[in-house]
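First chain written, first letter: the chains are A, B, C and D, and each begins at residue 1.
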């Protein structure tokens, strides 16, 4: 069965190693923070200028000067640092953030990603997404495998305006974990109860299916 | 009579306006700090990362972590700021420093300056001089009018490797105050007791002598 | 040090010289760390045809959003806009132009503008609409695009504490774009929650050295919260 | 947060992985703010053919100067060198190469290296020997040269206080090149006067966020003064 949003987030959190600095996009990526295994720690970077983002504040802690990149009120952990936007993106652009997790409209077999603009619809902007995909050492895209009309979001070539090129190496959807390599998607894991056949059907871009495809543990 | 080093410094200090941020090079320029008129204040920038450089320390104040760009122990005034070298040169390169005063081997009629390298002699480096001449809004060169062999340091074209091009607009020597404009030196002031004739003789580059040339007040 | 006392006591003095058609660089991220009083006074001044460089454009009725009400903004340079209905309407009508710029590139463009760096290469935006028409150069087998710096006629900045010499510190994440904005204005105006005497902020703790700042004014701030999220359980 | 505890207790661990032929970026200005213990250990390790990027090269017998004694340095990238006789001798003998770089350009090259900016334009050095062979581009009628960024295999940094997560503050003008160096090493090692617990340095007062730092070691510092100048009169 297709994973829930929380299950996708759970699977994302399994990618993290102890000591990773991680930037989580809005939506499913943010949920991943709830599922970091107990025996490891990661530190969250929020691109508005906070390294060591903590939980949401209590009423008593609420502070308008303390927000995250989603403009939500937030707290800082002990040992956090706060800095300006140029420094924040120096970290990101300079490859100091270990993982970036973000959503997408489309990803293609060359690791291109489209996530910010649908022609004909009002464009609000890319925010920090283009910097993040250009800068992070490892990027994980989380998304549903198909759109609401059932069309594959994994393509041979993105059709929407790009956010970045040749930058995506790992995708976690509600159906599968895939690697992007040498012009193809490589199926690494399937969601519990989801058949390889279903994934094949719902993946429009070139898909390589190894002999064994593990079932995700979520 | 030719000015002393202190008199040159005195004349330099007359250029400053209340509220100016000033970077003073090593030697005569540094002396100018002693002659800032009582009714104005300037703030000294030291390019190793100090804005608001103060006097030398007493024995009690001596601190190895508190030095100026000449690597001398120094103090900070009340209201000083201390920052890293990138920030320091952002100030300089970005044109936020109002005045830079520095010495030179040669200056020419196009405002080129040579101040850091004599071929055949060991070259120690340019330090911050190239950044300073490229960045300051106003640059004043202080030097003796001639070298120890009596050769003019004010030329039609510098012969030594340059520190910067088209950047010098004002020169204060032991004999004169000159402006650099439209491919010529314009004689603005002469030292007390120094004749226009002597200055003409000792200036190799094209010199324009206006009808009236004031005598310096030092 | 009278020549370094930058404190002004009224907004008209703080924004003197601001004219139609000028470019203003504004600090702030969303509604966090915005110079509220300076923005209000720009509305009062009724200057028009402004280009505003700011990560966002406020919301309906607050922050930079209020400058849309009388169509004072001709162009926004931002990474994310349209949190308000008026913005969308003016954009669709063609009354407002938007130059979308990646957030990190925007921050770096301001910093570069203040630092005398006219342009820099970045991988951000290569191969996307942002890279179109821009010079491409390959370093270590990776293509980068050339981005030019930004400076403004004015910069408007929100500080927590500023001293009379213009030295500033920012509070928490209200820092955001403010330090870069401060460096990039021909005239930089700081609106601070508190004005202190020189020396009250330790030299190495100053975020913005006073050399970048031309005028300082004490403001009062509403500090509206854009997305109020409170922890669900007791912690 | 054990994965973020960066403290090591011996210099061998602090510099593990440093090998012949590597590039080291070093903080410090003259003898001010230099990682004394790390430099001494590099001498002990006897690694050779090093490229060192540092504003200066110490003096005879102190600071980076001690790495000249066994000819460990192949190349210096600096703005001002030759404060020691050994340096001059090796330079004249051709045993040592020097790439002279304007001080502000050097600082910016380190910052750019750490910030993922491969190159930037600056007016500094245009028309001088520094500009020779470099790309020139005109912006607003002024010519600028293209300067490429610098990164190192290692960066060695001297902090005043560092916490276990690697967050650093620097003391007075011992800050200088240290914050940029910290960002530009593949492996960044901080030698601090004092190691404190996370939270002891306020988040907005941190000069170098821990994300840039791989290892932290407590050092003891002689802090030799290069030019001891004391006020002549009582003040």
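In this text, contacts are C-beta pairs under 8 Å (C-beta built on N, C-alpha and C of every residue); 3 or more make two chains touch, one makes a residue touch a chain.
Predicted model only: the values in this text are computed from it and were never measured.
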Just grab the chain with the largest centre-to-centre distance to subunit A, centres being mean Cα coordinates. B
Counting C-beta pairs in contact, which comes out ahead: A-D or B-D? B-D
For subunit B versus subunit D, what separation do you get between their C-alpha means, in angstrom? 29
Report the inter-chain centroid distance for subunit A and subunit B in whole angstrom, where each centroid is the mean of the CA atoms. 55
Centre-of-Cα separation between subunit C and subunit B, whole angstrom: 35
Residues of subunit C engaged with two or more neighbouring chains: 108, 111, 115-117, 122-123, 170-172, 175, 203-204, 207
Which positions in subunit B are in touch with at least two other chains? 50, 76, 82-83, 89, 92-93, 134-135
All chain pairs satisfying the touch rule are A-C, A-D, B-C, B-D, C-D
Where on subunit D does subunit A make contact in their complex? 1-4, 111, 113-117, 163-165, 167, 183, 198-199, 203-204, 206, 209-212
Provide the residue numbers of subunit A that touch subunit C in the complex, in ascending order. 46-50, 55-59, 62-68, 70-74, 76, 82-86, 88-89, 92-93, 112, 117, 122-131, 134-135, 161-166
Touching residues on subunit A, where the partner in the complex is subunit D: 17-21, 40-43, 45, 50-52, 76, 78-83, 87, 89-97, 134-135
Contact set on subunit C toward subunit D in their complex: 108, 112, 115-123, 137, 139-140, 142, 144, 148, 169-172, 175, 203-205, 207
Please name which positions on subunit C make contact with subunit A in the complex. 29-33, 55, 78-83, 88, 91-92, 100, 102-108, 110-111, 122-130, 160, 170-180, 207, 223-232, 234-235
